[in-house]
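Working notes for the structure below.
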């Protein structure tokens, strides 16, 4: 693992081994309490997990009872479950992560409601002086054809100017924050002759680029839902890079499930009723792409269909 | 209703009446599409609702079948449900709100996961130049004995200085935002000779005091849970004031439920095993407050007990 | 509507109209409190609803802000939402149903957890003497190739014998039930000289074909999930017929959503990574079905692919 | 552990130990894959778990940040969390159980929606010939004052007669089941000259006393909610006995949490607004029980108050 040591918080627990009668996922054990850096100050670390590929199969086999005597092998059964959206056996695996991330990423993350989370409280404690500054290579102009995306990259000069502005503003915000608190990052009083305002008030001027942290826990079924949406090219880069790291961890944890997830979901595709009819007729030689509009598809759908099937 | 007209967005729909076979809560109809101002730029408006006190009772009566023939009257049954935590009949009522609120309040709000929400997207659209500035009367120093609360109020001079700082910073953040977007609040390009950076990037410097908006929908059971936590003195003032307004609306919507909610939950109290034993012995004359520690209560619990029971 | 009047319970409320400022779905109003018979003694009735097609669009438009100025028309936006799995706007519509159904169907129904329900309590009240008897045309032998399905139909003589057995057993179970309760269906004591056993015990001998009833409420997003699974040919006939009726009701309630739901979900199809590659190569003339195995598909997947695309 | 060996299914996995970097709850390890018998044919077994008392504290401490430096010790912090309903840290612990239980108990169990479950499928596989017969000591007449409870016990003669009826009926139901399936409990065909009807149909005549089984998984927060409702004297005996066993297991798993749970929730009590006022005045000598009605309490509430406080 190429983890920069600085990603690990000073108070992270020492890795210690003990014996258990529970299922152990060997590939996941090596991730336990390892802090993987993400973005400029963030991280993801696995704090705990439950279950493995075999747990998924065990739950499925209990449901099917003697009726699955005949099912050939583990991989086939697991792929069958994934292919037919038998989702409940995947809920039997759980992952608990420690994540440090910018507030604006957190705000996208919490839209996934079927999860447990504890976040650092800026009412109880002082926020550390850390805010996200994009890599110059990530700075781009507004996309013309994608209302929520990025277009061409900035020139180095433009990028430098953008970062200068963002940085100056964020620094000033944090400066004001400490002024209002009358306390530095370690909580030490700045001016003994006056009182600071309440932490819950002082923080309202901090930018959404400020880093927060949380423990986040979800089951494998909901993790895959998260990854389908967030490890996707339409997701904002700053959350996608967390999702990409999670997908890597998942592949070490439940390799068989991850393979099936890719084949039947992540890298799979969907055909609308109209597209299904069109593909059928294309294959039967009863239609050409020139007929596509007759199938009720919009110009945009036709364009996307052509890209997808290279026709 | 004392609603300032300016609370209503320009594109709010006209109030129009139509006939329905559904249960109608008269007290709620008057709130439909009325925008109640909250804080300096926020609002709450009821966009839709389902059910009323009678709906709660109807669900309960179906469960009990002929077994409730004997139950005297509506109010008794409703209070019985509330008192015994028969929560599912309350899930049959639903409320949909349009809420405008500062981002830091939104971040507390979304911790309530059993709800549906759609939020304004700063990836799609430009954020309006609006940020929360506390009333001077709300500015206070950090509380000494409550780690997450406010203590004494600031002097008018201190308050003025705090607001000056918060305002100057927020204004500068919004200025930079438009500079980065190369667009004003209405989306008009500022400098035709250059491109603005992507909206999803430009917004990362905005403060958590900036206003966002959402549609938020929950059922009556979960609304009461929200109010127990957020209409409480321990909640931060800026979310409590939204909760207070929601409690007012609830009282107009389901008056009988609201009365029972106050009596058995909001204004009710809880006795730990130790407190229960102490109260019993106090009432029997077998103990005095001097004996409290023997019951296993901490000094803090004893202090809070004394405040609560005025002993 | 072809509703048999006997489907309506004696105590169903009279349909009464009142004025509301809420959105009204005209197509749904005609279903309010109408009891649609399902199976031999079951029913589905709409007791309440919230929202319509326009509500879905209103939530989406708030999220997109001024960014959607350009979006042409309602139908296009709604189809866009469905196609891209923007699910949250659909959560803004809610339906509350009164359903009477056999216990074994109920047991499948409750697997859908994101819903509110109140069920008739056999601890409080006496269960009515009603149990499900399949139509002879629904009786079939165990399927050979589908472990959880039905194969060929029974002959009329076999069917008659099966129904005779099921009926005799269920009748005896209900007879014993009343004997144990020492009470008839109306709760009248049978033998004044003895006490009946507790209702919660007497009912343990009743068959899972016995009818129960519930209020069931869910939002449109979760309703569509229910229908994808239960209005499907793999669902057991006895729950599918409820789902079919719900789909009919949905089409009257939110016609635009229903059309999009059919086109992009219900009648849509899914291509695995392997199938996508195969279709591409088939369309480009780089492969024939004889090559399918090389793409990593199992024999079963190939067979199903051929059926689906008629190749 | 006094577990009858026959509670363990023939195909239960061998207990094997392995090393892990995860938190290990020593008290829980001894329960792993141990089958505790419940009722006449049921069982509960821990199949997996995640977290322990320390995990709860670790999540809480991350939220509070440096703000909790001062918090004295683990037990105090844990009791503080329980007392103030800081529920999210408890969601960080998860338990997965294998449970065998009668269908009518299962039907109560699934009302708890925030859990994952996989149940044995009677569409795929043949149901074993097992049904619940109460102990004679559990047979009781319908309670007069509790609409959903049990009153006096039956005489031995009455009990014998009740069990004779229940048993004869259940046996006949299972006999018919096999007749309809044309297969015995092991799936062996009875009469080679005819086909059995589909499993999904044959099972509709089975009684709700028949045993089913499931994997059931929930987090510690929701487990406590389950136990508050089901380890309660108002719960039906047949589910309470499962809850009691789960509470025992919980005490071995998270002893500190269990102690706090008992003190602040399970053995705690609640005072309505009216009761709170009454207790205050009783303690101050400003009222006697004769004044209770003036506080707005019903006769029933007064009676229950007197029982609770022995006044």
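Each chain gets a letter, A, B, C and D, in the order it is written, and its residues are counted from 1.
By our rule, a contact is a pair of C-beta atoms (placed from the backbone, for glycine too) under 8 Å apart; a residue touches a chain by one contact, two chains touch by 3 or more.
Keep in mind that what you see is a predicted model, and the values were worked out from it rather than measured.
When the interfaces B-D and C-D are ranked by C-beta pairs in contact, the top one is C-D. Counted by residue number, the contact pairs of A-D are over half the same as those of B-C, the matching pair from A-C, A-B or B-C.
Rounded to whole angstrom, the centroid-to-centroid distance between chain B and chain D, based on C-alpha atoms, equals 33 Å.
Here the CA centre of chain B is 35 Å from the CA centre of chain C.
Rounded to a whole number, the gap between the C-alpha centres of chain C and chain D is 29 angstrom.
In chain C, the residues touching two or more other chains are 64, 67-68, 121, 124, 147-148.
Of all residues in chain C, those touching chain D in their complex are 102-104, 106-107, 110, 113-114, 121, 123-124, 132, 134, 138-143, 147-152, 154, 158, 162, 165-166, 169-170, 172-173, 176, 179-181, 194-201, 203-209, 236. Per the touch definition, chain B reaches chain C in the complex via residues 13, 15-24, 29, 32-33, 47-51, 55, 58-60, 62-68, 88-89, 91-92, 94, 96, 98, 116-121, 124-126, 186-187, 213-215, 217, 219.
Every residue of chain A that touches chain C in the complex is listed here, in rising order: 64, 67-68, 76, 83, 85, 147-148, 229, 262-264, 267-276, 279-280, 282-284, 296, 298, 301, 308-311.
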